[in-house]
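The structure follows.
Chain lettering (A, B, C and D) follows the sequence in which the chains are written, and residue indices restart at 1 in each chain.
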Amino acid sequence: MANHEAPRVIETTFPVRYAETDAMQVVHHATYLVYFEEGRSHYMRELGKDYAELEAAGFRLPVTEVSVRYAGSLQYGQRVRVLTWVKENKSRQLTFAYQVLRHDDEECVLVSGFTRHVWTDDLGKVTRAPEAWHTLFGVKT
Amino acid sequence: MANHEAPRVIETTFPVRYAETDAMQVVHHATYLVYFEEGRSHYMRELGKDYAELEAAGFRLPVTEVSVRYAGSLQYGQRVRVLTWVKENKSRQLTFAYQVLRHDDEECVLVSGFTRHVWTDDLGKVTRAPEAWHTLFGVKT
Amino acid sequence: MANHEAPRVIETTFPVRYAETDAMQVVHHATYLVYFEEGRSHYMRELGKDYAELEAAGFRLPVTEVSVRYAGSLQYGQRVRVLTWVKENKSRQLTFAYQVLRHDDEECVLVSGFTRHVWTDDLGKVTRAPEAWHTLFGVKT
Amino acid sequence: MANHEAPRVIETTFPVRYAETDAMQVVHHATYLVYFEEGRSHYMRELGKDYAELEAAGFRLPVTEVSVRYAGSLQYGQRVRVLTWVKENKSRQLTFAYQVLRHDDEECVLVSGFTRHVWTDDLGKVTRAPEAWHTLFGVKT
């Protein structure tokens, strides 16, 4: 049975870096995958865990799929706000969803998307999520 | 009526750069969006045009959506092969599709995806594709 | 006459991003130029100014020279600490110096360097520093 | 005794990528370290070797120092030309020098610099260059 609780949403903010902009004078579209990655890194830190710890324990969470929609853009001088939550938490697969906003604009979602990951061991073989982590990511689907 | 001809597929190849790898010792997943971008840049150059020329003429093709699936990975020391084609060519919207392979492995598509773009003027206002470019991109849908 | 006061040192910290690592499993050496850039961006913000504001006023500070020495490395899971100060503040030229440390290790400077900049207008013509900014950067040499 | 032969200069060319530009509408200054890296990767490939091969043999060549001077800039739509040569070839240390030009402008060196490397084993311990590679890099100083 599905768990209908709202997922825990974790926020992280940081400034746009000049190197992240392109000749259109906005943040380059590939950079948002790095923002998403920083969003889920922060998500794990907020849960008291760390992806580095996961790697040390012999697990990996490689990305198998990404999807991003761009409705607006960010510029140098602005502050990024990334909202991250677990969208789907299966035994062998984990999906994070993201919204990127400008820090001083609560309303307008500029970029949104998801990244899907598969649990593997350190040789790349698909495996079940370690129990503690699976529980940590909470949402059941 | 739809044009049922097979789309023109353009190939570009280049070596994996060390800076593109990450601590998993493979090309970082965000890098493939840069490979896609290089694929469509090369596509336009092969058609005798250039995106820089398009910008000089007051047009932009910002990315509005991307989707990527990762089935395998590339490592430093290997050569990237990107296949690019126009998937959808509407009056205000253009979609490119991509396959990324290892240069010496004809069979195995490692990463695939698409990028959707909207035609705008240099102030970001949505506009119709310039006729010459629209014709150039060929496929009608 | 030279101003012999110690320069103001501004600190900024942020986590290593996974995308910044390379196949040697440490932060890629080019990334430190981005850390330096973030260091001087933060330096300006701490002074109540912003490089974006400078650009809006028609000035640019392009990099004319960089020098970096690498004595150690950072890994994913660690936190970066960048110390930034003005090393030289001439009428047409500005030099920032940097030290990069691991956040939990006060002693060990991993990477150090400087970036030299020239003041230009928005067409790239070398110009004198705007007076308010020149004063702000303080150190005279 | 010093070897006074002119060093072997290897050229590599590739297009500027859009992602490499920044809001100043030129290639971001940190990108040139990636161009240098691609220059020395190509240098090794031209000598019939490969840095990946070196890594497989248990050696590393981490960067210990870089220096770059910027006299001009590159834009999207232009083609990069990197000239690479060995500047210094010591038993434990190797220095490459670089010049970056626009492909269609033979005269004007836009960016120049060097990267210094130390020979280490795969645990990071400084070691002597493997004999075959040391001979390959030729120049004695």
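Everything that follows uses one rule, which is that a contact is a pair of C-beta atoms (placed from the backbone, for glycine too) under 8 Å apart; a residue touches a chain by one contact, two chains touch by 3 or more.
Bear in mind the structure is a predicted one, so any value in this text is a computation, not a measurement.
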item	value
Most widely separated chain from subunit C, with each centre as the mean of CA atoms	B
Selected pair, greater C-beta contact count between A-B and B-C	A-B
Mean-CA-position distance for subunit C and subunit A (Å)	29
Subunit B and subunit C, separation of their C-alpha mean positions in angstrom	35
Chain centre separation in whole Å, for subunit B relative to subunit A (CA means)	24
Where subunit B touches two or more other chains, by residue	18-19, 23, 30, 33-34, 37, 55, 75-76
Subunit B to subunit D touching residues, read off their complex	14-15, 17-19, 33-34, 37-38, 41-42, 45, 50-53, 55, 75-77
Subunit B - residues contacting subunit A, complex	23-24, 29-31, 33-34, 37, 55, 60, 62-71, 73
Residues of subunit D defined as touching subunit A within the complex	18-19, 21-23, 25-26, 28, 30, 75-76
